[in-house]
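Below, chain A partners chain B and then partners chain C, in two separate complexes.
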Partner chain A sequence: MSNDQFLTTRMFFREAVGRAVREEMEADDRVLVLGQDVGAFGGSYREFDGLFKIFGPERMRDTPVAEAAAVGIAAGAAAAGLRPLCVITYMDFLMIGFDALINYAAKLRYKSGGRLSAPLVVKTTAGAQGQGVAHSQCIEAWLISVPGLKVVAPSTPEDAYGLMKSALRSDGPVVYIDHKRLFPAPGNVPVAETVIPFGKAAIRRRGVDLTIVAHSYMVRVALETAGLLEAEDLSCEVVDLRSLAPMDVNTLCRSVERTGRLLTLEEGQVTCGIGTEVATRIFERIGVRPWIRVGALPAPVSSNPVLEAACVPNADRVAQAARTLAAR
Partner chain B sequence: MSDALLPLRRMMLIRAFEDALAARKDHGFQLLSTGEEAVAVGLSLVLEDGDQLLTGGRSIGPALARGVDPGKLMAELLGRVAGVNRGRAGRGHLSDQESGFFGAHAVVGGNISIAAGVALERKLGGGNGIVAILFGDGASGAGGLYETLNIATLWHLPLLFVCNNNQLSVSTPREASNAAKELRDIGRAFAIPTALVDGLDVWAMAKVAGELVEHVRSGKGPAFLECSSLRLRSHSTTARETRSRDELAQLHKLCPIKLESARLLTEDQITNAGLEEMRADAARQIEDVMAFADASPYPEPEEVLAHVE
Partner chain C sequence: MIYQLSVPAAVPGVEEIRILEWHGEPGATFENGDLIVELETHKAVVEVRAGQSGVLRAILADAGDWREIGVRLALFSDSAADDMSAAEGDAGDLVVEFDVT
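Take a look at the complex of A and B:
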């Protein structure tokens, strides 16, 4: 057996997305990409660089600015036998495609009695980076309550690669959420083709005093926080959800049972948020533990740099919450 | 049975089916197509086995016209496991792709882009199958229609847009719900072939739909057909009727089944006795359909979590 399985290569998050899509398109000619600027332009974040040259305009298919129809066409094509990746530039715009995604695709297997399904992946980009109130939101919490819908949100290039491959092989529908601030992030990705299954959280840092549960870009904030608090002799475990629906409740419970405290962290709103769901799932199983939730303040996310920074969580805010939690 | 009588026979079956369904107390609420049978039957006459039809929520007549098994359809509408979707879809969401009925989606306008996706698969997968999307004048104000017309035209999708203009969107008259002079004008904006047809005349329906189907099947892209029809019942079996009895009585004179029966009589293609026999045949068939549906049970409550993921 070769050692290839242990070899890694360094690549940016955006490149890892592109690699996964390229490999799956090469392996399965039913896979195609459609969305705004996915063709010769290579994607809004250059995540599809080079794919247009390989696969051409039929399979790297530019759409007009029409999110409702784009998601609908992708859902219909999926129901008819293709495996489309529909790209919605910002997660805020996914709201326009909710009918096709939620009322049609997510219910199709159920309503047809198992005779039809929609193996559709919607890839969309969440998060704040100076783009204003309707280009910055993280609305994944709205999605995880939809029966039939899978939701994943990678935080590393390796996961971006492995989860995209799983998504494109899934019988869907799947919402794959990346983050504006993650695209330029480098990381090690296996050289060998690998797939990361849904429903598996990853422990990013071991700790004993409290567990921080986060996803997407906030995993980096959680790790930064853990670094800050180490100097204060406060040891944080950081769990990266990776997959929001299905959720890896086993790993979450084991971590919180060890540390005894839970801090949930997300960039979206805390009301009915991912953190609230994480805490509920854990406490339903192991009983209540001290818990603090951190997320955006209850305000829109402005493009104003001062207001944006004031709204979304940063390591200082998370550290402050962690200190409060540790004192309980 | 001669081909000349086939459309009438199919329309009578739809009418008998829907009347029998409406008479049941346990049917839930339904969107019936009384007065619109010629649209479904005429269109289906020119669709082929490899084609797919999608509709809005007013799906029963079109599904029957397309050849969905009437017994399984009735079972579906009554919530029984012998239904095409195990009784869980109902009229708003039923599908039977093997019969060329890819399905209903009862969010008004919502199925139009879905149909374009099915058409995209047809185009990329080769073959000469086309897709028809049937929607009402009520959907003509919804954005999905315009977005999909634009993309379907840009991509030359094999998609026939069929607007069944039954003149009313629940209570809102057609003139108050869309600013276009004729609904076919919506298609004209995209420079695709359009036609306006008398949707009460089943043969005219088949002829004009056939011309547009030929265009779509030839790979030249989409086309838009407006069918002028009538809704002879209220919007749904639980909705209030907004028209007067006198007005409805006048409209009933234009019933497409009456018109086709009269035409066949005038042309000596059928006798009054022949018509009566045809009605009796439909009634007998619906008795069997009801017996089949009633023999099937409701799903077990445990089925609620099946086929979610």
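Take a look at the complex of A and C:
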């Protein structure tokens, strides 16, 4: 047996995304990319570096600053048989594309009695990093309530690679969410071509006293918290959702049954948030357990770095919540 | 005297860089302003230039390797005759300038 399946290569987050897109474009002529600066510039985060040279302007299409039009064109192209990857640089501006995404793409298969589908991927970037009220939001919780829409949010380059490949092979509309603060950190990605299926959470750290469920950049905050609390003999299990819709309720339930306590952590708002959905799904199945939810304060994310840091969760805040939870 | 070049914290948020290209082999002489090495972050290339003259004595990370901020990348000395046996201990930091592009 070859050892190739265990070999990894270290790369930046953007390179993992770019590799997935390149491989899927090579394998399937119907895959194309459209969005702002995706062409010769190589993507707002340089995630498409080199692809314009390989695939040209027909398949790496620059669009104007018109997100509603970009998502609309992508939805139409998907209905007509292409497999577009539509790139929305900031998740805040995906709001402008909601009509095409939610009213058309997500409902197309149902509405057409299964005759049509919209294999469209919207790739977007969430999270606070000094850019203020309308360039910082995490609105994935709004999306997971839409029937027909799949939503994934990787926390590592390996998952970015594997989930993007799954997204581009999926037959329904998918929203794939990166986070600005994840981009500086490299990670190991399998050398062999691999696909990570949707609906599979990953346990990032084993623990016995409580379970922290997070996704995207907050997985790093959860791991930092677990490190802090280890010194206080509080043992945290950290579960990375990876896929928000569908959600891996089995893995979540098994973890909370073991630890007996749940802390949900997200960078977005807690009201009707991902954490609330996580807790509800778990407690519906195994009964209620002690639970605390941590997320952004109910305020816009300021471009003032002091106010931004005060608004979004950090390890100290999560640790404080975990101590409270452990005492219950 | 012996000097070290370590990975600079040149771009905010970056914990680890990849070495893109060295501009000289061990034994090469550098003048103030000469390009020594290019480092790659997630969004920029950091050009590290000599801020003092000297001789490159040892390269400790090859192109394509990853190194965390603060890790030693290379050793320098004032002249090719300087004894390198002291380099295991505390070498002073080489004076450098960065261009982030």
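Note that the second predicted complex is superposed on the first by the 328 of 328 C-alpha atoms of A that agree within 3 Å, B and C clash if a C-alpha of one lies under 4 Å from a C-alpha of the other, contacts with A are read in each partner's own complex, and residues count from 1 in each chain.
Methods note: contacts are C-beta pairs under 8 Å (C-beta built on N, C-alpha and C of every residue); 3 or more make two chains touch, one makes a residue touch a chain.
All values reported here derive from a predicted model rather than from experimental measurement.
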Superposition on chain A - do chain B and chain C clash or fit:
fit
Any idea whether chain B or chain C touches more of chain A?
B
Chain B versus chain C as contact partner of A:L297, first or second or both or neither
neither
Of the partners chain B and chain C, which touch A:G81 in the superposed model: first, second, both, neither?
first
I'd like to know which partner A:F12 touches here: chain B for first, chain C for second, both or neither.
second
Going by the contact rule set out at the top, does A:A185 touch chain B (first), chain C (second), both, or neither?
second
With chain A's C-alpha centre as vertex, what's the angle to chain B and chain C, nearest 10 degrees?
130
Which of the two partners, first being chain B and second being chain C, lies in contact with A:I286: first, second, both, or neither?
neither
Quick one: is A:M95 in contact with chain B, with chain C, with both, or with neither? Answer first, second, both or neither.
neither
For the overlay built on chain A, what is the smallest gap between any CA atom of chain B and any CA atom of chain C, in Å?
29
Intersected contact list for chain A, partners chain B and chain C none
For chain B, which residues count as touching chain A in their complex?
52, 83-86, 88-89, 93, 95-97, 102-103, 105, 107, 110-122, 124-125, 143-144, 147-148, 150-151, 154, 306-309
Complex contact set, residues of chain C against chain A:
11, 13-16, 18, 41-43, 66
Quick one: in the complex, what on chain A touches chain B?
32, 58, 63-64, 66, 68-82, 84, 99-100, 103-104, 107, 109-116, 147-148, 150
Chain A - residues contacting chain C, complex
10, 12-14, 45-46, 129, 181, 183-186
